[in-house]
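What follows is a set of structures for review.
Look at the two complexes coming up: chain A is in both, with chain B in one and chain C in the other.
Entry: the complex of A and B
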C-alpha cells in the first residue's frame, strides 16, 4: 500500500510515521512536502503530529491554508483515506475535514503519558482490525487535545457511530479522570460522516513495537491495511 | 550615532579590570574603540573564556580511544559508539536567565544546547535536564516564589523541547534552601551521527563566503553578555529585555536546514551564535582555522532600525547560525535555506589576515586578531581557602541525632519529600517519547533510548543516560560530593544495563573570587577527575556557571554530571521496579558503612527532612569498592540473572525498597504495585536503626532475581569481592521491613499515593 506522510516545516512525528509504516510494517511510504500541490496515487494520507507552522496562533490554524491541504481535501473528497494524528487531528478539524475543535487541555499543561483508550466501533477503516470495546494502551503528547463540539454535533457523531476512540481507565470505564485533557465525552478520536477521514489525539506510531512498551497502537495501521486490501480485492 | 568615549567607568562597567585593559591594548597595539571593548568584554568573560576555571578544567580527564572530538575543541565533543556511529552530547547552564524570567530563560537554555549539538552534524535525539529550586513546601512568600520559578522553568523546557521534537527523556530535580533566588537550569542534549558527518566550526579557505542564517538580529540578550552597561541603556533610551526570547519553531527550521546542508559537502565550517552571538562565532571559527574573517554588519538582517555595531555584535538573539560555504557552492546552500523559508544573508568572507575585521556600510568598526581574541584571555589561578563553615558542620556529631525508634511515619514522609518524591508532575509536561526511541521512560535509574540504527528485525543498540549531583554532599565535602556525582551517575547507568562510556559536567558554584568558593570548585573537580578516571568516562565537554549567589549566600556547590552508557542488547535493559511475586531481593554492598563516622547519615535526606540538619560529612566513597560493585552487577545483568536493579541513593535502603514496590507506572492513574517482605535483622545488631534504613551509604544496589538464581547471584557477587545478602522476597500488598525488634509495615498503595502525588499537591 502507498502511504504519504505530509511534512509541514514543524512536523516532528513525520520520521516516526515513516519508520512504523516503512520499516516496521514494510509498506511503501514517502513524505509529501507542504508546498506540494499534488499528492499522486496515494492510498492513505497521514497528517502527522508536531507543530505544523509553530502553532503559536492556534494549532493548525495556518496549516489549513498550506498548498498541500487542498490536495488532501481532494483526496478525501474522492473517498480515499486520511488519518490525522495529534497535530494532524487538529489540522483536519481546522481544515473542516472533521467536525469540532481541539482546545487547550483542561490542566492548561502539555501532557505526555500512556493512557487507556477504548475502541468504540470496529465499523471504520481505522478500527476494523479491532473488536469493539477492546482497550489499548497508547501514549498521548499534546497541549491542545481537549475535543469540543456543540451538542448537536456530538449527537450526530454518536448517531452515525463516528466516535472511534474514547479515553477510559485501565478497566475500560469512561471516567472523567481517565481523560488527559478534558475532552467532551472522553472523545479521543473520530471519523467523518463518510468514514474515510480519521482524527485521533493518541499516537499509534509510538505504541507499535514491543521495544517501546506497547504494541497496542499497531491495530490502527493494521486496520487501514486490512481495509485497503479489502477494497482492492473488490 | 557616536560611540561613548572609553573611560575607566565604561571599562569597569564591562567587567574588565585595568590589567585586562592593558592586555587588550597589547593585543591591538592601540586603545580599543567602544565596539571592540564590548567584543573583548564578552569573549573574555568567564562564560566564553573560562578564565577563572581553566586551571581546574585542565585537570579533567578528556582523552580516551572513544573520544573523536575532545572537550573544548568544538561546540561539543564527539564520542565513538562503534560501527561508524558516534554521539555528541553536552550539558549547559542557563541559571541566571532562568532566575529572572524562568519560562524564556529555560526555553532558550534548551535552544542553546540543541544548537551546540546539531552544529556538530548530529541529529539531536534526546534532551535531559538537571534542576534546582528553593523549597516548595507550604504557601509563604518564599515558597510561592519558588513554585513560580519551578513551574516556569519546567513550562519553558516543555515549550521548547516539545516543539522542536526532541524528547526530554529524564533528569533530576532537587529542592534546597540554598537555591532560593538562585535556581539552576542545566540542559543536556545528545545527538547521533556518522563519523564522516562530524562538522567543524572552522572558517577555512580564503575567499569562502560567510553566511548568516536564522531570524534577524535584535537588541535582545544584550545584557545577557557578561556585563550590564548603564551607559548603553541611557543612550538607547529604552528598556531592553535582559533575557532572550526563544522561538522553537524557528529552531526546528534551522535544525532541519543545517542537517540537510551538512549532507552536502558545500559547508566548510559552521557555528551557532550562542553566547556573545556574532562576535564569538566569527572570531572562533577564524581562530580554529588559523584564518581571518571579514563581515559587513550592514548585511546582517536586523529586527529594528538604528542598531549600532556594538549592539549587533553583542546581540544574543536566538536561533542564528554562521555558515562558511565552499566558494561556488552558494546556490546549493541558498536553495536549502529557501526550502525551509529561513532568512539568510551573505555577510562576509574568509581572509588570510588572521584578523576579525568588522565593517559597517564599508567602514571598519572593529579589527582584532581573531586567535588572540578567542584564546588569549587572561587565566587566573584563584586563591583557595578551606571554608570556615566546615568547622561548624564537622563539629556536629552523629550522637546528637536522636535515635529512631519507630520508622512507621518516617518512610512515607521521606517518600513525599520534594527531592525524593516522583517527578511525574515534571516529566508528564515533556514529550519524552517523540522519535519513538524511548525504551525506559522517565522514572527509573536512567533513561534508555534505542538508536534505530537499522530497521527491525536487525539488532539495535541502546543508550542509557543520566544526570546526577547531590549538592548537599558537595557542601559538606566538595571532593567527596564531586566523586559521588560521578559514581552515582555510573551506578545509574549500570543499574539500567549500560556500560558507562563518557560524561559531561556542569560546574555550578558561587563567586570564584571568594577563596572559600574556589576551594569548593577545586575540590569538587578533583573528585570528578578521580571518579571519571575510575569509571573510564572522560569528560567530552561541559559548562561552568559561577556567581550563583543571592544576598543570603552562595548555592550549595553543584557539579552536575551527565553520563552516557552503551547497551548492546535489549535483553540487558533493566528497570528499578520489582517484577514478580516470589522473586528474591538482594542487597549488593554493605548495609551500613561502619567506616563512616556518620554511618551514611551526614547530608542525608533523613537528617535534612526529619531533623533539619545538614552537617557532618557526606557518605564515604571508596572508588575501588564502587567500581568492583558496578562491574559485578553489570556482568550479572548481561548474563541475564537480574530482574531489577535500583541504586540506593537519597533516602537510603528503605526508600530504594519502597521505590521497587511502587514505581512501575504503565498508564494514566494506573500503577502496578507489588509488595515486599524484607528482613534486615542480621544487619541491625549494634548499629543505628536510622542508619540502616535511611542512611545513604554509597556503593549499594538493590537487586531482585528469580528465586532459583538467588544463591548463585549472591555467590557470584561475593566471589568478586562484593558483599551480598538475600534480604527479602517480592509479593503481597504491603512492604514490611523487619530490623531486629523493630518492624515497619506499609500498605504499598499508601506509599505510592504520597510519593506519586506529592509534587502535584504542592503545586496545586
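Entry: the complex of A and C
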C-alpha cells in the first residue's frame, strides 16, 4: 500500500511515521512536501504531529492553507483515506475536513505520557482490526488537545458512530481523571461522516514496537492495511 | 489605514488561561474580579479607505484565518 506523509515546516513526527510504515510494517511510504500541489496515487495520506508553522495564530491554522492541503482535500473528497495525528488532527479540524477544534489543555500543562484509550467502534478503516471496547496504551504529547465542538455536533458524532477513541482509566472507564486534556466526552479521536478521514491526539506511531514499551498503537495502522486490502479485493 | 482586530473565545468555550489569570488576580487581593477571558489583538496595516469593500475583505480574513469560527468570535475597528 502507498502512504504519503506530509511534511510541513515544524512537523516532527514524520520520521517516526515513515519508520513504522516502511520499516516495521513493510509498506511503500514517502514524504510529501507541503508545497507540492499533487500527491499522486496514494492510498492513504498521513498528516503528522509537530508544530507546523510554529503553531502561530492557532495550531494548524497556517498549515491548513499550505498548497498541498488542496490535494489532500481532493483526495479525501474522492473517499480515500486521510489520518491526522496530534498536530495533524488540529490541521484537519482547521481545514474543515473534520468537525470541531482543539483547545488548550484544561490543566494548561503540556502533557507527555502514556494514556489508556478505548476503541469505541470497529466500524471504521482506522479501527477495523480492533474489537469495540479494546483498550490500548499509547502516548500523548500535546498542549492543545482538548477537543471541543458544539452540542449539536457532538450529538451528530455520537449518532453516526464517529467517535473512534476515548480516554479511559486502566479499567476502561470514561472518567474525568483519565483524560489528559479535558476533551468533551473524553474524545481522543474521531472520523468524518463518510468515515475516510480520521483525527486523533494520541500517537500510535510511538507505540508500534515492543521495544518502545507498547506495540498497542500498531492496530491503527493494521486497521488501515486491512481496510485497504479489503477494498482492493472487491 | 490600520485595522484593529479582536478575537475572543466564544462564551461556551472553556478558557483555562483566563481562569488561571483570574485566580492569580484573586490571590493578589483583587476580590472584585469575577471572570477573565483571554483573546487576541491584532493590528493589520492595509491599503484602502474605510469603505464597504475593505470591511468585506477584513470580515473575510477574520472568518477564513484570523479566527476559528468554531471556537472564537471577532470584531474589528478601522483607523486612519
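Annotations for the structure displayed:
To be clear about the criterion, the second predicted complex is superposed on the first by the 234 of 234 C-alpha atoms of A that agree within 3 Å, B and C clash if a C-alpha of one lies under 4 Å from a C-alpha of the other, contacts with A are read in each partner's own complex, and residues count from 1 in each chain.
Note that in this section a residue touches a chain if its C-beta (ideal position, glycine included) is under 8 Å from a C-beta of that chain, and two chains touch if they have at least 3 such contacts.
These figures come from a predicted structure and were not determined experimentally.
In the superposition on chain A, A:54 contacts chain B only, with no contact to chain C. When the two structures are aligned on the shared chain, A:150 is found in touch with chain C, with no touch to chain B. In the superposed model, A:83 lies in contact with neither chain B nor chain C. When both complexes are overlaid on chain A, the residue A:105 reaches chain C alone and has no touch with chain B. Shared-chain residue A:23: touches chain B; no touch with chain C.
By the touch criterion stated above, A:182 is placed in contact with chain C alone, chain B being left untouched.
Touch criterion not met for A:228: it reaches neither chain B nor chain C.
In the superposition on chain A, contact is made by A:206 with chain B only, not with chain C.
Among chain B and chain C, the chain that touches a larger number of residues in chain A is B.
By the touch rule above, chain A contacts chain B in their complex via residues 9-10, 12-13, 15-16, 19-20, 22-24, 49-51, 53-56, 109-116, 137, 139, 141, 143, 169-170, 177-178, 180, 203, 205-206, 209, 211-213. For chain B in complex with chain A, the residues that touch the partner chain are 155, 158-159, 162-165, 247-250, 252-253, 256, 340-341, 427-436, 438-439, 441, 450, 452, 455-456, 460, 570, 666-670. Note for the complex: chain A touches chain C at residues 57-58, 61-62, 65, 93-94, 99-101, 103-108, 146, 148-150, 182. Those residues of chain C whose C-beta lies close enough to touch chain A in the complex are 12-14, 16-17, 20, 65-66, 68, 70-71.
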